[in-house]
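The same chain A turns up in both complexes below, where it pairs with chain B and then with chain C.
Moving on to the complex of A and B:
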């Protein structure tokens, strides 16, 4: 059980943060394009899901899985999107993604007067706290598995 | 009904078969007096609620019927424009039924193609080698399961999130498809399945009722 990578997007599609832990295959396109493709895919999935749903939705799109990985999604009402790719053994982790938003992003970036919003987060504190939080998760194993 | 719908998508992304089997969605009918306290807007040939959510009427719900008569897109059953009709105080009090809009067949075609592309992007953005496309997509109201055959046909089933056994249902639908469509000498591959709609319905309905 492991975490492959994590993306953080804002409401305009700007990738605020990206980190990876165990990623075996790169997308084959430059990083900037990969962020745009990921954001575009999530935007389309959200629109697809809201049309397809037979009942009124509350939380919306939660996750999807393929034969090799699972993508978990959490969006705040302000449009901040937390996206985490893990392997298949991981269950619902909405509370983990919410913690990343509320206890890490809001506390260390939004409340920091020196961190400009709407751009990639440069804060080293945020990066290191996020890294140690992910490594402390019960489903993160240090050896790539 | 635990299974909401079934879609079969060909390898080019076109929808070739579609079956809906969910019960009517939640609808709310209320009597209103002038002026209407909801803000309505015209979107995609339908009149939707833009603002003023209350009492079971949510933003995004469409006007389904006025005074008991079903509306036809943006026109009432008599051919008048809905927004104009509701803007005229002489027509009040009026009883309007709101609910989640049903998908038109055009929209289903577009959604099927959209899913076809999303499936491929899911595979491209994979952090692991050898990933397939999206096999299961989960939301809080439904779960979408997709099975792609070796020939590129996708069988997509929308079901209740707690429903189990969809994998075997997908395999069974594939079996029915190969028995009734592929073995039919008059069926052209990748084309919409119309002639066996009856047979497929007949076979999938017992399956859907079992699950």
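Moving on to the complex of A and C:
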């Protein structure tokens, strides 16, 4: 059980933060394009899910999984999107993603006057706190499962 | 006092506002710091009037400094000063190991050069508070590793 990587996007598609812990295969395209691809896909899936839903939508798009990994998605009313790729053994982690937003992003980036909003996060404090938080999660193991 | 985030965000905007309003140039940094300190001075004067309206008169200077470290700091920053040192000859050093306005910024050396801007208002706050209690002083701040910082108060004997 492990976490592969994490993306943080803002309302305009700017990738605010990316970190990876266990990623065996790279996408084969430059990082900038990878972020655009991820954001574009999320945007399309969200509108697809809301249009094609046979019932009234409550939470919207939450996650998708393949035979090797699971992608978890959390979006805030202000348009901040937290995307985490984990392996298949992990259940719903909405509260984890919410914690990353409220206790880490809001506390350390929004309240930091030297971190301009809408740009990649440079704060070392944010990076290190996020890293130690992810490593402390019960479903994170140091060796890739 | 209202929610902390309110004051924190307002203070951050104030600092960037003062810096944006100033023109380009090397000497501007000092002028901006002075402006922020003077703002803090006036706020400190008002705050101390409000906080001490029901307290008894202070015995001596040390008592006043202890009041600043405990009650004043608690009401403004919701914690006490961690360490107060003095040489009993008019110099006091107030040490706060987890200064509220800096905790979100960094935990160490990143952004250190900008830290002094965010301390200027608080220096003024202390100076204003002391001045309304009858003590004329000069307050400076230094940061070696965030979020810990030291405020040095030099009492001016008239």
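To be clear about the criterion, the second predicted complex is superposed on the first by the 145 of 145 C-alpha atoms of A that agree within 3 Å, B and C clash if a C-alpha of one lies under 4 Å from a C-alpha of the other, contacts with A are read in each partner's own complex, and residues count from 1 in each chain.
In this text, a residue touches a chain if its C-beta (ideal position, glycine included) is under 8 Å from a C-beta of that chain, and two chains touch if they have at least 3 such contacts.
All values derive from a computational prediction rather than experimental measurement.
Once the complexes are laid over each other on chain A, chain B and chain C both fit without any clash.
Touch criterion met: A:24 reaches chain B, while chain C stays clear of it.
By the document's definition of touching, neither partner reaches A:82: not chain B, not chain C. Ranking chain B and chain C by residues of chain A touched puts B first. By the document's definition of touching, of the two partners only chain C reaches A:124; chain B does not.
Applying the stated contact rule after C-alpha superposition, one finds that A:111 touches chain C and leaves chain B untouched.
Per the superposed model, the minimal spacing between any CA atom of chain B and any CA atom of chain C is 31 Å. Chain contact summary for the complex, chain A toward chain C: residues 107-108, 111-114, 123-125, 128. Only residues 5, 8-9, 12-13, 15-16, 104-108, 110-111, 114, 118 of chain C touch chain A when the two sit together in their complex. Of all residues in chain A, those touching chain B in their complex are 4-5, 20, 22-25, 27-28, 34, 37-38, 41, 44-45, 48-69, 71, 85, 87. Those residues of chain B that touch chain A in the complex are listed here as 4-5, 22, 25-26, 58, 60, 100, 103, 107, 111, 114-115, 117-118, 121-142, 144, 158.
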